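As written, the chains take the letters A, B and C, and residue 1 is the first residue of each chain.
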């Protein structure tokens, strides 16, 4: 088991390196840089090339690319994310608040997704090809099909017009005022969670269908004892595992990928930070965010793999 | 008779007294306002964004300011400088510095601090960024002969020097701090302003509280202010509608204003003004057929600006039909004269027929295709882009739009990698020197993306810049405008932006101007019950 | 059919998947009967295709035609779905928008699925070091959230329909590659592939003619799922202002700007394009879902 864990950990490193190289190169290919974004954005007449070059030198943008890359890598090895090219502030500080929000949203959305997916999936499998099955599938696919930003706009509109509710202005962290915090995040969590439950529902349904095909279940069904058996035996455990896998894999993407949702609900999260950082060509910030999300993604993958290996010894010896 | 007169006098006095009471500013309260963008640093000399001014300007004073009750935002008004005199040759300006001004750390402000500040702006050391240095190219030297006097000596007389000192970005810093570390003010705040710095939570808000030792006794009226960073305009609108914020000082779109007014009725006051921002159409003179002035004139003749003004002012932050100056300001051309220029005719059929004729003469075929570059900012670039393409379609031009995101926009413009593109200009104050600088020949102003050389235009600019008599200056400005927009059609004006500020009726003491950079020290603002 | 192998059978023939008896019509009818949801999905898709193809005669107005006297007009006999901020007919723009959606969706889906499948199959076929390296590369791409990868591609290439297709195809390639590789690994062990190698056929031929056809099922399922996601991604990119540009009619673009601003006073601008997107993606997903059920032998109801 130990060697397996070590192997999986080591396998993460080349992938992370690949991600680092890819984002580094991509950013430098993209036209424009942070100095232009800062000084030319307001249309000022009097900004000189000298000033801009001066600023570039200060940020280290005039050094050769390989040097910029290695110093960044060296910093990462020390867990030093560096300093934002736009504000000059420590990146870890800038990310902290937004990370808390995105993390909470991701957890809430994943929980909602799981809570929806499991019972709905079981229901659809047990009542396969009946109208219950169809209703569940339509419901969950509708969640996949509806653009989250449109759903968000409709949600906010309904709240405004019907309930005369107005979204809170500033983000209250959970530990400051849980009730206010939940009020702010429950709506985007619902919008996002509903969407992601669809994938889980589908998975749950297929897994459950497989389980239902097993002989002992079919015998029990014929005898009328099947429901109790399903819910108490390992059958359910086997079916739930793939669902949890899917949802945990999506979790990593919920951290940085909720760009449009955050825009519509005005949430100060990692997705918005991403978009702002790219728009401003803040190389260091973008790189840091990408590495963060990629690491979370790989870590989640890693833990899922370990969980599988622990449950099924055959996998370890591959 | 005597008793009667006395009674009338009493009533009259009472009647006069009551409204005066209603207008007396009330002290106290917290002003809350959303700010759409967060400043990258605190140094006003370096930054260009209003995202710095709105939350940070209240902590500082400038040498001069604009009159806070003047709607045109052009009248100079004393601040740190009590008064000033100009020498007869127009080259020396002497300012008398007010006594009793204290920095927030308790130390006194003297002329030394003003000199150090302006040295940093006009003659920055190596490594110190000063974005507006170019505006002060005429300044030869700055001296502080005694503690209450600062003298600016110019190389040439200038009609706009005082205006350039009204810049809200020229925060007065402490000389001792600048001497020790010229970068200190990028990350720190310490000024003489009406408010002292309390906190800045990144991504969230800035809070300032009343400066008890402010030199303008009785001000500020507010106890505190809170600037909340909110990117999304829907959230800003929601905050005002929900009466959680008092105002947003940049401006709202017509739809947003309507939704606020519909919700709050008379609890909201709407102040509107033309805005010192305009979108321009840059035409690359180096690309055929745009080197032919007939083609450029056709492009401007095709635009129905008057109908566009009525229609677009319903959906976008544009309205006024304008030339080179914001309508309603001292040097603006009145409509009767403006409507004689090409592209401003009220008879659009005639205008478009002329456009088609010119295109034919220039050999441009019907359905000629070209690409219009636009900047990826929703308001008002998008609706204006749609409008321009639609108007050009009506004279038989087939235009596709290529939208480039803001960070990468100026690359192709500077390289001349475009045919026709959207350009823009925003000023912090309405002043011909600032507003017309853009259109100088490209070898003089690299930010002129039209890539043309026009010495006649350059001469007219220089002439008006040196002219200190306002009437004579106006005449030269009109000549410049005619040559730019009609004779050569080097650049096209679209429609002037329109500033819409719906704010809580409780907020008083703030007057709208064409500039979203002015009047933001909040010292005159007070909250009614 | 099974069991008898004619003496003259070539390796190519043997590798062809078994054909269904009875012809296409029977298959279609059976599909509708057995999977009504899939049939609904297919119907929606057909309507979309019909709208896209016939936009020229179906749409009552030119989608680019502005009318400044009728801006933000409510639905009426003149304009069934109302007009937008420039007085352009919403119904016409939705009809023409289906064209954009299908073009971008099909383009991106085909591109992503093709490249993804080729990479997946080749990777499985060659195995060993090549497989490992390709897997790592795919992992790297996989670790980017879908929209961030699309944003990055748009930032490099710029906006516009062609670049959007590439931007949307980009995150789809590793996802397709991974799924196809799994199926291809199983196919690689099949006897006819062994026979083909023994016969000395070139790598290219084996991959293209023997392995690819046999992983068609998962590719097809992925492609239909991709189409739905592609339409959604295009809408998101246009909504962010990074996709197709004005004045082209595109559903995501119609939800931008004025639609949100005037959502309260002129809700038809925000509602109808959103419904169109949802229906379109819904149709593709329903169809793809039923396709998966039909082609996955484990899930058939006995």
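Quick note on the criterion: a contact is a pair of C-beta atoms (placed from the backbone, for glycine too) under 8 Å apart; a residue touches a chain by one contact, two chains touch by 3 or more.
Keep in mind that what you see is a predicted model, and the values were worked out from it rather than measured.
Relative to the centroid of all protein Cα atoms, the closest per-chain Cα centroid is that of A. Across the two interfaces under comparison, B-C and A-C, the one joined by more C-beta contacts turns out to be A-C. Taking each chain's centre as the mean of its C-alpha atoms, chain A lies 41 Å from chain B.
Chain C has its Cα centroid 48 Å from the Cα centroid of chain B. Centroids built from CA atoms put chain C at 23 Å from chain A.
Counting partners per residue, chain A has 30, 160, 263 as the residues that reach two or more other chains. Residue numbers of chain C whose C-beta contacts span two or more other chains: 155, 260, 264. Residue positions 234, 405, 408 of chain B are each in touch with at least two other chains.
Interface residues of chain B facing chain C in the complex, by the touch rule stated above, are 234, 253, 255-256, 258-259, 307, 310-311, 314-315, 374, 376, 378-379, 382-383, 385-387, 389-390, 393, 401-405, 408.
Chain contact summary for the complex, chain C toward chain B: residues 64, 66, 68, 71-72, 85-86, 155, 158-160, 241-242, 245-247, 256-258, 260-262, 264-265. Chain contact summary for the complex, chain A toward chain C: residues 14-15, 18-19, 22-23, 26, 29-30, 128-129, 134, 137-138, 141-142, 144-147, 149-150, 153-154, 157, 160-161, 202, 206, 209-210, 213, 253, 255-257, 259-260, 263, 274-275, 278, 290, 293-294, 297-298.
If you check the complex, the residues on chain A that touch chain B are 30-34, 36-49, 51, 54-55, 58, 86-89, 93-94, 97-98, 156, 160, 166-167, 169-171, 263-264, 266, 268, 272, 279-281.
Contact residues on chain C toward chain A in their complex (touch as defined above): 36-37, 136-137, 139-148, 151-152, 155-156, 228, 232, 235-236, 239-240, 252, 255, 260, 263-264, 267, 270, 274, 277-282, 285-286, 289, 296, 298-299, 301.
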